[in-house]
Amino acid sequence: MELLVDNLTVTRGGLPVLEGVTFDMRPGQVVMLRGPNGSGKTTLLRTLAGLQPPMEGSVSVEPEAIAYGAHADGLKSTLSVAENLQFWASVYGTHDIAPALAAFNLNGLTTRAAGNLSAGQKRRLGLARLLVTGREIWLLDEPTVSLDVASVGLFADAVRAHVGQGGSALIATHIDMGLEAREVDVTPFRADPNGSPRVATAFDEAFT
Amino acid sequence: MELLVDNLTVTRGGLPVLEGVTFDMRPGQVVMLRGPNGSGKTTLLRTLAGLQPPMEGSVSVEPEAIAYGAHADGLKSTLSVAENLQFWASVYGTHDIAPALAAFNLNGLTTRAAGNLSAGQKRRLGLARLLVTGREIWLLDEPTVSLDVASVGLFADAVRAHVGQGGSALIATHIDMGLEAREVDVTPFRADPNGSPRVATAFDEAFT
Amino acid sequence: MIALLLRDMRLGVRSGGGFGLGLAFFLIVIVLVPFGVGPDSEILARIAPGILWVGALLACLLSLDRIFQLDYEDGTLDLLATAPIPMEGAVAVKALAHWLVTGLPLTLSAPIFATLLNLESPGHIWVFLSLLIGTPALSMIGAFGAALTVGLKRGGLLLSLLVLPLYIPTLIFGAEAATRGAAGLENATPLALMAGITAGSIALLPFAASAAIRVNLR
Amino acid sequence: MIALLLRDMRLGVRSGGGFGLGLAFFLIVIVLVPFGVGPDSEILARIAPGILWVGALLACLLSLDRIFQLDYEDGTLDLLATAPIPMEGAVAVKALAHWLVTGLPLTLSAPIFATLLNLESPGHIWVFLSLLIGTPALSMIGAFGAALTVGLKRGGLLLSLLVLPLYIPTLIFGAEAATRGAAGLENATPLALMAGITAGSIALLPFAASAAIRVNLR
Amino acid sequence: MSETHRTKQARDRWNWFWEWANPVKFMSLSGKALPWVAAICALTLIPGLVWGFFFTPAAENFGSSVKIIYVHVPTAMMAINIWVMMLVASLIWIVRRHHVSALAAKAAALIGVTMTLAALITGAVWGEPMWGTYWAWDPRLTSFLILFLFYLGYMALWGAIDNPDTAADLTAVLCIVGSAFALLSRYAVNFWNQGLHQGASLSMDQQENVSDVYWQPLVLTLVGTSALFVLLLLIRTRTEVRKRRTHALETRERMADV
């Protein structure tokens, strides 16, 4: 499935952060989203995932095709690794968690409570969730935070396997994780805070 | 003031994490604390700051000489930048916050509520707190997280100025921030989880 | 959906929270009232159904912020919103889990606590019955309030403030049904009205609550 | 120390919390009770001092977890523990700030709310006086309970469970003083005993609470 | 910096005394003591109860319900004594950092809450024929209810904390502060209401005492219940020590494969 982003304006706290964002991502591609801190990468990803409405523009894909990996992992510290992953597998209707556990080297930890994992192990569990969603387009917000070099390698392998099967991944990150990927820099799309507001009608002019 | 750490054993969850840690830091020095994720850097810094008792060994400096910079910044999102900093200045009995604001380029933000700052600005405010403590020894836990290159430069300048006045700084970090510094790697001190517990008496043998 | 229900109940029971503590709080409110009001057993028996209802309501109230807050803080709610289950269903299931972990134990224990307030025998059954019909509404209305305040730091008291007025009709009919029942009077009308509130809340509030959550996630 | 007091009060008033909401909760409990108990003004007047005390206590209780929890979560407590003010002083100051933001407004408004419960004129003053003497103890005991539970996720209900039994003596003497005062009886003894509890708590509990906080920070 | 508690212990000249209760020695000693305590318990409690239930006359104004006394009074007295024992154990933990005493306090709480509940229930069952009500806000009963709440809070705090040393510290502080307030509550409750309940009938004052027929088996059951408490306490503390050991092993294993 192709992700076409056309002339998108995304907002934070009611103000446009990025304007006129236009790019596309085809199946089998990995796209790295680049930009300095505070430039609006997180805001863009949340808009694409359908968590907040865009101010302008369009996205070709329904949120139903997208798996979103946020900065927080959504783990429950009193549940075990297997219970956490099994929950998401049931929600997405895919019931086999074994491949996901294996891909992120979590087999030795299945009965451990998530709260007793190290930060890197937590993150690995969070990423394993992507594999049980069974969705085509991954939107990932700084997925390699707190991972060591070996685990970054595991993650890169998982992404390669995913795009090899016709999936695609849009990854916001500051580091180089050794994937052959196209880069999209959000800096040129940054909204000019002093410029005239780009609203379609004059209706809400006074407010933006 | 010299920081002498002698044969220190630090614990987490009742179990030793690092054993026999021994190093020293003289005034005017910067020491970088290195080690992979989960090796015990945070635990060591918290012990040195007096937040948790060591299991064995000694530290030459009372916690009263130490300024501790934790991962969390302790900012109140409803208070302004100046109010946040002024609070810490009053607590430490130093009342001029202007130099600290200037050193971290926060002058334009003084009336902004801390909750509306970007991650990097929050971190800068957290680091500015160090300057109003007026203490000699800084213990910093990953101080440059979420800072961009320019802000890392500001931080390095602040550290240089601090050690230039006879202070010292022990910094746990994974990156290279361009300071001339000695390195202490905690890896050799990692406690062997399968080794025999190093307790002085057999008293609590059954529990550690 | 069933996975969500099981997970929420497991969390409620495991996290040293929900279950036992809701009951304990109920017990404590029931114990405090005589200390405030005095030990006169006749007065106590007279106000007992009302106090039991107010106590159950407060115990319910205090555990409301768990419904969504923890899931919001650790990012689960974002992930649930993008998952293939409708948000309305998720809200209803979470309210049901809250009831099973809080409202149901309160209801089951109310007859015992009624003894502490010197309530005589027929009153027990009516307190029990009215709570059984009424507490699902408390959970559902509470879930709606929790959805409204989910993004706010320490929304606890604000949540109470929003939810308590919404609880008043349920409380009035519930306490009335129990009091009349205890006095041997006819109480079908308040029971029916309360059942109506419960049915209406369960049918409609999931939509309002899920809308509120979507707004809060933005 | 004064900086800490000012900061805590500013936070209490600013963060859409403490101040107004404590009062609002108090009001709502006072409003709920007649709905639960029925509108009979004679019974209401009789139970009014007790209900006012129980209501104030619950309103106080609900805002307790703010005393340390937020500071714990954002790391301020770590930094305070390494700052040059004694932890005992910090605890006492924080309890004082809690009282100024919660207990004092409750006390000041209690005479007004007493009217809602048909309490006659001399009763007002005694409710006011007894709350004035008793609420500082509630804040201080509450700060101790908050210190015990500061490290725990959603310690709210656990906190209630720990603190409520500790509140019982204060409640008994306070409500007794108010009730006797309202009935025109001698009430110097309960007032004095309550003042003793307040003084004792303020003198001793900061030490216990700061020990608990240090343990929790480990 | 300050010396650790372990070095302090090593220098203490009473150390040999405390050494006897280090976990390992405690386990072996208590293992040996268990059968003896069990025997004492069986030899006092069973005859006491049988004597009390079947070989005492039914009192003319009490009926046979008076026999509840052989469960009610021992459990009620133990419920109070156990809290006192927990207080002592908590103090030992705070001063000596003695793991077994913290675990003993934890173990005692479970028994104490059971005893409290048993006293409350037998009291309530007895109250029905005696006072015509299961429950009255009598000071004795009320302060017992408060004691029950203290037990509940204490156990809830143990349950809510993962780290065993932290839990031991915090529950010990709670137990100490709680004891002061429990005592205060006792007086407050007395002040608040004058009650229906029996005074202290085992007092030396012969005037107040129940007649000898009831008294002798009662003493036997009192001794028996105390022995039962010691027995249960030993068993439970041994379990807690083992659980603590398992916890330590698990944590260590967890650290091994980070």
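Going in written order, the chains are labelled A, B, C, D and E, and every chain counts its residues from 1.
One rule holds for everything that comes next: a residue touches a chain if its C-beta (ideal position, glycine included) is under 8 Å from a C-beta of that chain, and two chains touch if they have at least 3 such contacts.
Since the model is a prediction, treat every value here as computed from it, not as a measurement.
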Chain hops separating chain B from chain A, counting only touching neighbours: 1
Co-neighbours of chain D and chain C - touch as defined: E
Chain at maximum distance from chain D, centres defined as averaged CA atoms: A
Longest centre-to-centre distance from chain C, chain (CA-based): B
Pair of chains ranked first by number of touching C-beta pairs: C-D
Centroid spacing, where centroids are CA-atom means, of chain D and chain E in whole angstrom: 32
Chain A and chain E, separation of their C-alpha mean positions in angstrom: 56
Intercentroid distance (Cα basis), chain E paired with chain C, Å: 35
Multi-partner residues of chain E (each touching 2 or more other chains): 146, 149, 152-153, 156, 160, 162, 192, 258
Shared interface positions of chain C, touching two or more other chains: 15-16, 21, 24, 28, 31, 35, 38, 153
Multi-chain contact residues (two or more partners), chain B: 38, 53
Chain A residues touching chain C - in the complex, by the definition given at the top: 49-53, 63-64, 66-68, 70-76, 78-79, 83, 86-88, 90-93, 129, 133
Chain B - residues contacting chain A, complex: 36-38, 118-120, 146-148
Residue ranges of chain D touching chain E (in the complex, touch as defined): 144, 148-149, 151-152, 155, 158, 161-162, 164-166, 168-169, 172-173, 176, 189-190, 193, 197, 205, 208, 211-212, 215-216, 218
Chain E contact footprint on chain C (complex, rising order): 16, 20-21, 24, 27-28, 31, 34-35, 38-39, 41, 44, 115-116, 118
Residue numbers on chain D that touch chain C, as the complex places them: 15-18, 21-22, 24-25, 28-29, 31-33, 35-38, 43, 46-47, 49-51, 53-54, 57-58, 62-63, 65-66, 69-70, 152-154, 156-158, 160-161, 164-165, 167-168, 171-172, 175, 179
